[in-house]
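Letters are used for the chains, namely A, B, C and D, taken in the order the chains are written, and counting of residues starts over at 1 for each.
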Amino acid sequence: MARMKLAYWMYEGTALSGITRVAGSMQKVHTVIHGPQGDGYVNVMYSMLERFHTIPPFTLSTIGRREMAQGSRARLVETVRRVDAQHQPDIIVITPTCSSTLLQEDLLAVARTLGKQTKAKLIVPNVNAFRDLEHRAMDDFLTQFVAEFATEQPKTEQFSVNLIGPSYLGFHQLHDMQEIRSMLESLGVVVNAVLPYGASIGTLQELTKAHLNICLYHEYGQSACELLKEKFGMDYIVATPIGIRLTSQFVKAIGERAGLPVESYIRQNLAPSGTIARFTKSVDSLSALFGKRAVVFGDYSHAVGMTHLLREIGVRVVWAGTYMKTMEKAFQAAIGDLADEVFVCDDFQAISHKIRDTHPDIVFGTQMERHSSARFNFPCIVISSPAHILNFPLFPAPVLGYQGMTRMLDTINSTIKLGLEEHLVNMFGEDSPGMGEEETAQEQVAVTSDLPKAPDKTTAGEVELKWDAEATKALKQVPFFVRGKVQRNTENYARERGYSEVTLEVIYAAKAYFESKSNQGER
Amino acid sequence: MARMKLAYWMYEGTALSGITRVAGSMQKVHTVIHGPQGDGYVNVMYSMLERFHTIPPFTLSTIGRREMAQGSRARLVETVRRVDAQHQPDIIVITPTCSSTLLQEDLLAVARTLGKQTKAKLIVPNVNAFRDLEHRAMDDFLTQFVAEFATEQPKTEQFSVNLIGPSYLGFHQLHDMQEIRSMLESLGVVVNAVLPYGASIGTLQELTKAHLNICLYHEYGQSACELLKEKFGMDYIVATPIGIRLTSQFVKAIGERAGLPVESYIRQNLAPSGTIARFTKSVDSLSALFGKRAVVFGDYSHAVGMTHLLREIGVRVVWAGTYMKTMEKAFQAAIGDLADEVFVCDDFQAISHKIRDTHPDIVFGTQMERHSSARFNFPCIVISSPAHILNFPLFPAPVLGYQGMTRMLDTINSTIKLGLEEHLVNMFGEDSPGMGEEETAQEQVAVTSDLPKAPDKTTAGEVELKWDAEATKALKQVPFFVRGKVQRNTENYARERGYSEVTLEVIYAAKAYFESKSNQGER
Amino acid sequence: MERVERENGCFHTFCPIASVAWLHRKIKDSFFLIVGTHTCAHFIQTALDVMVYAHSRFGFAVLEESDLVSASPTEELGKVVQQVVDEWHPKVIFVLSTCSVDILKMDLEVSCKDLSTRFGFPVLPAATSGIDRSFTQGEDAVLHALLPFVPKEAPAVEPVEEKKPRWFSFGKETEKEKAEPARNLVLIGAVTDSTIQQLQWELKQLGLPKVDVFPDGDIRKMPVINEQTVVVPLQPYLNDTLATIRRERGAKVLSTVFPIGPDGTARFLEAICSEFGLVTSRIKEKEAQAWRDLEPQLQILRGKKIMFLGDNLLELPLARFLTSCGVQVVEAGTPYIHSKDLQQELELLQERDVRIVESPDFTKQLQRMQEYKPDLVVAGLGICNPLEAMGFTTAWSIEFTFAQIHGFVNAIDLIKLFTKPLLKRQALMEHGWAEAGWLE
Amino acid sequence: MERVERENGCFHTFCPIASVAWLHRKIKDSFFLIVGTHTCAHFIQTALDVMVYAHSRFGFAVLEESDLVSASPTEELGKVVQQVVDEWHPKVIFVLSTCSVDILKMDLEVSCKDLSTRFGFPVLPAATSGIDRSFTQGEDAVLHALLPFVPKEAPAVEPVEEKKPRWFSFGKETEKEKAEPARNLVLIGAVTDSTIQQLQWELKQLGLPKVDVFPDGDIRKMPVINEQTVVVPLQPYLNDTLATIRRERGAKVLSTVFPIGPDGTARFLEAICSEFGLVTSRIKEKEAQAWRDLEPQLQILRGKKIMFLGDNLLELPLARFLTSCGVQVVEAGTPYIHSKDLQQELELLQERDVRIVESPDFTKQLQRMQEYKPDLVVAGLGICNPLEAMGFTTAWSIEFTFAQIHGFVNAIDLIKLFTKPLLKRQALMEHGWAEAGWLE
C-alpha cells in the first residue's frame, strides 16, 4: 500500500472539488461543507476562476477547536437549517472533506434525522472524501443524482441527446458545450438536457426524454450513462471530439443513431476553402509544424485528443501521457501508435525531468507542464486541467469540434517559432535586444538550462567529454533553442563509439547519424 | 516640400496595396498590375496572409529591360487580352505602381482603346500611385466604383444597411464584419450589401436599396458615402464601435434611424452577469489593470477605439497616437482628454524612442511597436495594421462590438502581469529559471535596456549622478520591470533639486513626490 | 475590551499554510514541507492561483491511508525529507502541520527532532493547522519554530580593534569596559528587505544606528535576543512568537501600535525612542510630512464608510489608520483578537467608537452591509467578485498581506490600496459605465 | 544550349532587394540603405513577413516627388546617410538602387563616391533594380560592390619569424625564397559560417589547409584575389561578380558544378583538387558515404516527378541533384540562365534529358502542370498555397535560399527540403485527411 508521498503539485483535484463541481454547477443546489475553515477555498475557485457574480452556493460548517473537542454535530445542524431557511434550495448536499473524513462522523445519520425538518432534500455524497479523487467523485456523485431522480419519460419527438459532462471549473467545458450545441444544431439534433451544468431536479427527472446520452469526457459521467442504459435502456456514447478524426467519428456516431446525413457537414468543415484545410496545407505550416517533436500530457480526454490533432497536422508526438493512472490501459489503446511512447504518471517532478530530457520543440500539457517548460525554455500550450486563470477566458474558446481545432491551430501558430523566422535564425543567429552583442542574455539562459545538468544518476565510468576548439565553435553556430539537443546527441554518439573528445568529425558524423535515422523531417 | 526620407518601417501601405485591397476583395474583378516584377508581391500578401486557396486575381504586366527600351504598351495589351480571355472577369482594373508611374504612360488611353475589344469593363484607378497612400487610394477607388455603377433602386422593405469597409488584408476586418452582422441581426436590422468584400457589379448597382450606409473605418469609405448621399440622398454614419461607449453610440445611432429599440441589447451585454462587467469589476482586474500606464498607437480608428476601451477598464493612456497624419485634427478631437497626450507621427524611430522614454506598463500598437516593445522589454498587443501573419487568425477574432471587447479583455489579461503575481514579484523578486541565482539573465537584459541610453541630446551641464551603496541596494530591490522607471524618476528628481548623489533620502523623497502626485494608483 | 463583539461565525479565510507563498521566498535556502492531505496541495495550487514561481521551494508530504494507522510518521517523513534533500539541498526544512495532522494527533515534533539529528541540519516543526488559525498566523508558527536559532549571546568573535597606537589617553577606557551590556532592538516580522531598509534608515536618523530584524533571510544570521533585548512586533499576528520570547528570553516586548500608516509609524518610533532614551521631537515633524504627502489621497478617503469583513488579522491596525485618515470605519471584523498584543490598537479604536467584531458571521455581515451602505468593503478573495456584482466596491484583503505597508515611505502604497478601488469606480463611472446602468 | 526553351514569361519572383534579409546579417557592422519608393519598403515588410529581427540593420531612403526633379541625389542622400551614421555607426553602407532609380536614371555611383569621401568610410552602390534581376541576384550586386575591398596583394606585414638561431642549414633557403608565389583558393558566396567551416574542413582533409571565402563577414578581412587565385563560386547567380573577377583580377574562375548535393559536392571538390594537384581518390568514397546517409530519403524520392516553376536561380543545380537522386525532373523553370557560369550544370541536365525553361510563362506552366501531374512543385511563396488547394504538393523555393544546402554534411538538410512535403502529405493522408477527401 502506498505511503506518504512527496508532491510538488497535484494533477487531479480532491473528492471535495469533484463534489462541489457537480453540485455547484446545478440549479437550486446548495452545498454545506463540513470541514476546517481552509476547506472553504472552493468559494475562491468559483468566484475568482469562474468570476462568479453571485455568492457561490457553498457554506462552510466549520470544524474548529471547539468542534474538535465537543463534536461538530451542533454546528452542522445549525448550518444546514440556516442554509435551508435562507437560500431555499431544492437540494442541500452535505459533504465531508479530506480532513473531516478522518473524524469518522456519520453524516448520513445526521442527514436522515435532519432531513425530516428541512424543506430541501438532503444528500450526502456516497464518496470517500479522503481517498477518492476529483473525477471518481464526480462520476459517483453524478450517478447518485441520476439514480435518485431520473424517471421514465416519453421520448421527444425529434431526435434528442443529453450532454453529460459540462461543469464549472472544467477545462474550457462551457465553451465546449456551446460549440457542441451549435454543432448539433447544424446537424438537426436537439439537446434535451445538459448535466450537471444548469441542471435542476426537473432536468434530472426528464433525462430519459432523450434518445441518446453523450458523455463528453472520458474521466467521468460514463457510470451515469451506464445506469441510464441499465435502468431505462438509453443508448450512449463516450467521446471527446478533438481533431478531425475524433470529430468525424463523433458526428458520424450521432448521425447513425439519429438517422441523419452528416457527411456534408464534415466535408464542408474540411473543404480546401475551409480554415482548417487552408492552414494545414499551407507552406507556412509545412515549414513551422511538420515533423516538429511534441510531447503531450494531460487528463485522458485532452491528451488523447491532442495527440490525434497533432498527428493530423503533421506534428510528431514523441510521447503522450496522462495523469489518469486508473485509465492507463484505455489510454494505451487510444494512443495506439500515434505517439512513439506512452507515459502514464502523476509525479510532477518525474514528468518535468522527462520533458527536460526529451528536448521537445513544443509541449502540450497542464499548467504544471507550463512551469516545467518555462524552466527549460520550451514553448508550451496548456491543454488540460489543472489550469490557470488564463484558461478561464471570457471570449468563446472551445477545444472540441472543428471550431476547437481552428482555435488550437491559431494557438499553436502563435506559440511555435514560425517557419521563415526559424530558417533565418538557423542561418544567421538570433536577434540581439541590444545592438551588436554576439550572444544575447536570452541565449545565455537557454544555454545554462540546456546544458546537461548533473544527471540524476551518474553512470559509473561515464567519460567526461572534451570539445575541441573547432567543435565548440561549430556548437556555438547552432541556434540556442536546439543547441542543447545537438550537444546531447553528439555526446551520446561520441560516448557510444568510445571517443574521448568531440571534434568536427564527430559532430558531422553524429548529425548524419541522427538526421538520416529520422524520416519525419524533424531536426 | 518633403525630400528623401529615412524610413525603417512604413505604417501605411502604398496606393497599389490600397487598389488591390479593394479590387481583390471583390467578385469577378481582376487586376493587371503594370510594373516591374517585384511589384507582384501583392500576390504573396493574399496567398500567405489571407491563405488564399485560389490564385489571387492579380496579373503582372511586367516592365523589364525590354519594356524600358521599347515601351510597355505591347506587353500590357497582351496581358489584358489574355486575362480577359482566360479569367472572364466582369471588370479588369489596370493599375500602375509607384515606379511605373514614373514612366508617365497614359494607361487611360490604352484602356479606352483596348476596352472596345474586351468583354470585361476596363477601369484605371483615378489615383496617383506614386504619391497617394493606401487609405487615400482605397477611399478614391471605392468612390470611383460607386460613381461608376450605383443606380437608383427602391428601398428594401425592412430597414437595411450597407457595410462599407470590410476588405482583405485589413486588420481583423472580416472577423469584424461577422460580428457586426450578428449584432445587426440581434437588433433586427438587415444587411443589404458589404463593400468591397464580396461585392460584384450587381452589389454596386443595388447599394441604394439600403436605408443607411455604415462606414466602419474612418480611414476610407466616407467619400463613397458622401457621394451616395449627394447623388441618392442616402444617410450615413462613420463609426468604429470599439469599447462600450463607441459601441453604445453605434447601436443607438442605428436604432434611432431604424426606429428600433436597442437599449435592451446594450443592457444585456453590459449586465453584471455578463462577461464584460464580470471582468471589469473583478478584483483581479482592479489589481492588474487599474491605473496601469498604457500607450496606444495605430491607425485612426483603432487608436481612438482602444483609447476609449482602455479608459473604460481603468487603464491610463499616457499618450495616444496615430500615423494617419492627414487626420490629425479629427484625432485630437476624438481623443479629447482620454489620453494625457496626443502624438501624431509616422516616423518609426521617433515612436520607438517615445515608447522607450515613456516606460509604459503595456503598449498597444502595430507590429512595428511590437518590435520596439520587444527591444525595450515592454508587453505589447497589436491593435492595428501593419500586422504580422499572427494577426490573420483562423478562429473568429473580432475587434468591434461587445464580442470584440471581450476578446480584447482576454488578450490584455494574458499579456499584462497578473495582479497577485505582480504583488509577489514586488515583494520578493523574480523567479529564477535556474535555482538560487540572485539575478536572472532576463533581469539583466531588462536592466541593460532599461538603463537610460545615451540621450539623443546631452543637455549641456547635465550632472552625472552617483548612487551611493545603500541607494544602489534599494534600487536593486525594485523589480526589474519598473526599475528603469524608478531610476529615471529618481534621477530627474535629484537633478532638478541639485543633488549630485542619490541617497536613500533622495529615493524616498522622490517616491513620495511621484506617487502622491498621481491619483490613479499607478506606480 | 467589553466593546468587542463576538459572533463565532464562519469566517472566510485561507488556511495558515498559505503563508508559504511569502515565507519560502523570505527564508533563503529553506524548504517548506507541508504534511497533509491531497486537499492541502490542491488548495495551494488552485486557490492561491499564484503559480508565479515555476520552482517554488515548497512541497507536500501527502498522507495516504496507510499513514493514518502508522504509529510514528518519522520513518515515512524521513523518506520524503531525503527526496527533498536530494533535489534542493536546503539549509533548513520547515515541516508544516495541517488539520489532518491535528485530527490524527500525529506527533511531528518528535519526528522532526529525530530527523534533524539524522540529517544533521534543522528540520523544524511548525504548527500551521487551520483548525483554529487564520492564514497569516502561519507566519507566527514558522517564526516560532525559528526561535531556537536566535542566539542568546552575541558571537564570541572579538571586534577588530584598531591597531594604531593612541598617543593620548584620558583614562576613560576602564569606564567603557565596565559599561552595561548594550540593549539591542529587534523588530519582528517577515517583511521585505526594502521595508527593513526603510525602518532601519528611519531609526538611524533618530539616533539608533543598529536595528536587527527577526527573521533574517539567512538562518545563520538571526539576531541576538535576551534580557537586554527590546523586541517590537511589526505584524499583529505573531502572538505565539512574542509569548515565547517573553517567557524564554526575558526580552522586553514593547507594546505599541504597529508601524502601519503615518500615525502608527510615528507612535511606533516614539515608543522605541522613548525606550532607548532618544529625542522624539523630530518624529512629529516626519509624521506631518508623511500626512502632507498623502493629502491628495486623503481627500478621497475623508468621510467615506469602510467595512472590514475580517480575514488577514491586519484589520485592527488598518482600521485605526483609516480612522486617522478621517474615514468612518463602520465595522472592523477580524478573525481573532489577541487582547494583549493588540492592546494599544484596541484602545485607539474604542476611543474612536469603531465597532469591532471578532470571528464575525458572514451571513449577518451581509445584512449589516445593506444597512451600512459602505463605500468600500475589505474582504477575502472568495467573495469580492460577488460583492462587486451586488454593487459594492471592494478591496482585496490579501493585497494587504502581499504589499509593503509598513513605515512612512510605504504609507503611500498603503493608502492607495484603499483609494484605488474608489478611484477605479469613479473612473469607470466617468468612462461609460454610468450609462451602462452600473449604479443599479 | 539549344535545348533551353525561353518563354519570356511573367515569372513570379521577389525583387533583388529582398536579399538584404540575409546579407545584413552576414556582413557585420554594415547597413543597407535602399533608395526607392514607398513600395520597396512596403514590399520588404509585408511580403517577406519576416520581421524576426526587431532591429534590422537596413532602411529605406524613400524618394519623394521633389527628388524626382533633383539634379543629383547626393545632397539628400547625404542627409539620410548622416542619420544612419548617427544611429548605427556602421563600418560600411551599401546603397541599393531600385526600379525607380533605374527608371529615373539617377546616378548613385557618383553620389556614393562623394559620400565615401565625405564620411570617410565606404558607401558602396549596388545595382539591385528589379527591372531585370531575380531576387538572389541582389547578392551578386552586393558582392560586386565589395570587390574593391578585396586586396590584390597579401598584407605587407612580415610573418613573425622564429628568432631561435638555427644550428643547421642545408642551403635550401634560397630556393624557398625564389618559389612561385603560392596559389590561393577563394570560394565565393554569402553562405553561413557553419557552411564555410564544413567546406574548409573537407578541403583540409583533402590536403588544402587554407581556404578563403569571399565575402568574409568582416569587411577588413576580405581575401586576396589576383592572378594567382583560383576562384570557385558557391552560388549560381554571382555572374557579375565572377565576370569582374575574371576581367579585373585575372583570377582563374573554376568552372564546375556547384557543391549542392553529394554529387555536386564531389565534383566541386574534385575540380579543386585537380586544380591544386591533390589526390582525389578519397572523394568518391566520401560521396558514396554521403549517399548512403541519404538512403532513407532517397527511397522516398526515387521515381517521383518534380517540377520547378522558377524563382531563386538555384533551380539548375537543384534539378541536377534531384536527377542524381533518381527523380524525374519534369521541368526546370528558372528566371535566367548564365550559360557560361552554369555550363557544367546545363550539360549534366541535358545529358539527363531535363526540360529547361528560361523565364517561364506561369499561365503555360499551370497548363503543363496538369499534364505532368508532378508529385512535387517547387514554387515561389505567392503561389504555393493556391497550388496546395488545387491538390499539388509544393515546396517553398525561398526555403532553399534560407537553408544551408552546400556540401556533404548539409546534404541531409537539402534532401529533406524535398522529402518533407512528400512525407507530410503521406502523414496527413494516414492521419485523417484521406477520409476528409483530400485527394479530390
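One rule holds in what follows: a residue touches a chain if its C-beta (ideal position, glycine included) is under 8 Å from a C-beta of that chain, and two chains touch if they have at least 3 such contacts.
Note that the structure is a prediction, hence the values are computed from the model and not measured.
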| field | Distance between the centres, which are taken as Cα means, of chain C and chain B, whole angstrom | value | 48
| Just curious, how far off is chain C from chain A if you go by their C-alpha centres, in Å? | 37
| remark: Expressed in whole Å, how far the mean CA point of chain C lies from that of chain D is 67
| chain A: positions in contact with at least two other chains | 48, 51, 53, 272-273, 277-278, 282, 374-375, 389, 418, 433
| Contacts with 2+ other chains: residues of chain D | 49, 54-55, 381, 384-385, 388-389
| task | Determine the shape of the graph in which chains are vertices and touching pairs are edges (line, ring, star, complete, other). | result | other
| task | For this structure, give each pair of chains that are touching. | result | A-B, A-C, A-D, B-C, B-D
| field | Of all residues in chain A, those that touch chain D in their complex | value | 243-245, 248, 266-267, 270, 272-273, 277-278, 280-283, 286-287, 290-291, 308, 311-314, 338, 418-421, 423-429, 431-433, 435-436, 470, 473-474, 477-478, 504, 508, 511-512, 515-517, 519-521
| request: Enumerate the contact residues on chain C facing chain A in the complex. | output: 10-17, 35-43, 45-47, 49, 51, 54-56, 59-68, 70, 73, 76-77, 79-80, 83-84, 87, 98-100, 102-104, 129-132, 363, 380-386, 388-389
| remark: Within the complex, chain A is touched by chain B residues 48, 51, 53, 272-273, 275-279, 282, 284, 374-375, 377, 389-390, 393-397, 403, 406-407, 409-410, 413-414, 418, 433-434, 440-442, 444-445, 448-449
| Touching residues on chain D, where the partner in the complex is chain A | 21-22, 25-26, 29, 48-50, 52-55, 88, 192-194, 197-198, 201, 290, 293-297, 300, 381, 384-385, 388-389, 394-396, 398-399, 402-404, 408-409, 412-413, 416, 419-421, 423-424, 427-428, 431-433, 435-438
| request: Give every residue of chain A touching chain C within the complex, in rising order. | output: 1-10, 13-14, 16-17, 35-41, 43-45, 47-49, 51-56, 59-65, 68, 79, 82, 86, 97-99, 102-103, 130-131, 133, 349, 367, 371-372, 374-375, 386, 388-389
